[in-house]
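Read from first to last, the chains carry the letters A, B, C and D; within each, the first residue is number 1.
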Amino acid sequence: MPDSAALTRSPMVNPTPIPTPPGGVFDGARHLYAVRVYYEDTDLSGITYHANYLRWFERARSDLLRMLEIDQRAAIESEEGAYAVSEINLKYLRPAKLDDDVVIETTCTELGAASCRMHQIARRGDEALCEASLRVGFISLEGRPRRQPAPWRAAFHEFMTKKDT
Amino acid sequence: MPDSAALTRSPMVNPTPIPTPPGGVFDGARHLYAVRVYYEDTDLSGITYHANYLRWFERARSDLLRMLEIDQRAAIESEEGAYAVSEINLKYLRPAKLDDDVVIETTCTELGAASCRMHQIARRGDEALCEASLRVGFISLEGRPRRQPAPWRAAFHEFMTKKDT
Amino acid sequence: MPDSAALTRSPMVNPTPIPTPPGGVFDGARHLYAVRVYYEDTDLSGITYHANYLRWFERARSDLLRMLEIDQRAAIESEEGAYAVSEINLKYLRPAKLDDDVVIETTCTELGAASCRMHQIARRGDEALCEASLRVGFISLEGRPRRQPAPWRAAFHEFMTKKDT
Amino acid sequence: MPDSAALTRSPMVNPTPIPTPPGGVFDGARHLYAVRVYYEDTDLSGITYHANYLRWFERARSDLLRMLEIDQRAAIESEEGAYAVSEINLKYLRPAKLDDDVVIETTCTELGAASCRMHQIARRGDEALCEASLRVGFISLEGRPRRQPAPWRAAFHEFMTKKDT
């Protein structure tokens, strides 16, 4: 049984803290989230494959929702709806390489009833690697635009109007 | 040994043709390339994950280069350079689902010394699912813009000016 | 509108056949399916990233199901169940590189009530690149083992007992 | 310019710490590394797509190498060589769902001149989700087996023989 060891390991004998997945931080009206470049992100040209920035940006937005206490999984399971990207404009500025530390900055630039616009930048230190402007719509599971739940919209509004710390 | 059977199979006893990977076709100044939606393309909302259209579009562009007799792998291995997306604007119009047949149409809208602009649409039958406008630059392996090899530029030019069949 | 051109294109003026996605072929009790190596498949070491063989093998199995007239999407949408890999043993024998043509051979080695065992090999010409032995179970959408629908089992049985052509 | 704001932001005015990417921890002769399940990891059946565990396991191994001060990128850039999976046996025990916190435990079970064997388990709390036994070989960039650099082998040896804390 693969987890018998885990089950019998006493916390007194083994106090090493179990690591938790990465989480972002708020910095005023910005959300910051870090990724490291792994093998899976690169292609044979030695740099991050262009589509993989979309995966990083989505992780950062999912983390932002989590920090705003918006439960995407419950909303899908209850068939309430889901956020979906309807438009995204990407600029690739500099390449990212294996083992680079990259920080994704996310801001919300416009909030509507059924959608919002966001801006995201991937940076390595002070260098911008890729930036994205996007529109995310809230949709029913059949794909129709739907008003965002009021508490979710309120959470976005509060995020957008945060003061710089 | 896993391939002993293959090595000893006589073509007279076994005339089934070995399948070849999908290839696109030219239709005038358009390149058409087909994909099917597999499990790997979908996410838990039941539709194609938005980043995966970038993979499909890239496959279509790679196939276009192959049909224009532009050998990307040789160019990378000889350190001549590579094409890289520098800008892409995507609109998501309708969702794609498991097992859908999708055709990617690619046209080249502008040809420069070191770059070109392209337009790509993913369609299921007559329905547009996603469209992209993009700028692709030719770069050295250190990431600097570089003039496209003259025969490659000529091949693009010939593709762009093809008459409808 | 992106697809007005498509809608107004007359088949008489434009007889270029729309390409269809790749499909496999049966060769006796083997299913053969071809893929080409694209940028997305490679990593910075210049060869196919090891996890991507699992995506290729899954495409081939999905194509096999399609050819056996097993409709995975309908079975998920009707909540009947889905096939899921429960065990897979992989051997990496030789690397695959950009633009390589790879053929996936799939055979079914054992058929049970709720599962089957398969063997898959990825080959480039006569060279085996990667081989997999796997167990696939039919499960309810809650993840419990479930008997395969009788017609599906019959289709697998017919596939396994095909004579070489 | 997208990063002018970053460049002029004074650390005194903006003391929010920039987040760093996730890193693992050592717990005796085990390495622990955490991931969260994102949209990209799931497929339409609602759970993590089977190939994506290989990506998680590889991230954990890369993090282990980083913590052992083995610089993979430098070794590839200097053409010294790279680690590559030559064999992996996977068992899928329970599904992982969106937003789950998953910890990857990695141990090294055998150390040879040119290869090592490892065991990895993905757990959610006390539940094992997926386990892998694998063989990783050190190879030249042409794909030939090669002795691991002596300091790297020593680092692995030290890791394997750590006492529980």
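Criterion: contacts are C-beta pairs under 8 Å (C-beta built on N, C-alpha and C of every residue); 3 or more make two chains touch, one makes a residue touch a chain.
Predicted model only: the values in this text are computed from it and were never measured.
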How far, in degrees, do you have to turn subunit A to put its CA atoms on top of subunit B, rounded to the nearest 5? 180
In terms of CA centroids, furthest away from subunit A sits chain C
How many angstrom lie between the centres of subunit A and subunit B, each centre taken as the mean Cα position? 28
Distance between chain centroids, defined by C-alpha means - subunit B, subunit D (Å): 31
Mind checking the centre-to-centre distance between subunit B and subunit C? Centres are C-alpha means, answer in whole Å. 21
Could you tell me which residues belong to subunit B and also touch two or more other chains? 39-40, 44-47, 51, 55, 58, 76, 97-98
For the complex, which residues does subunit C have touching subunit B? 2-3, 6-7, 13-28, 32-36, 38-40, 55, 58-59, 62-63, 66, 71-73, 76, 93, 97-99, 101-103, 121, 123, 126-128, 131, 164-165
For subunit D, which residues are in contact with subunit B within the complex? 39-40, 42-47, 49, 51, 97-98
Where on subunit C does subunit D make contact in their complex? 44-47, 50-52, 54-55, 58, 76, 82, 84-92, 94-95, 141, 143
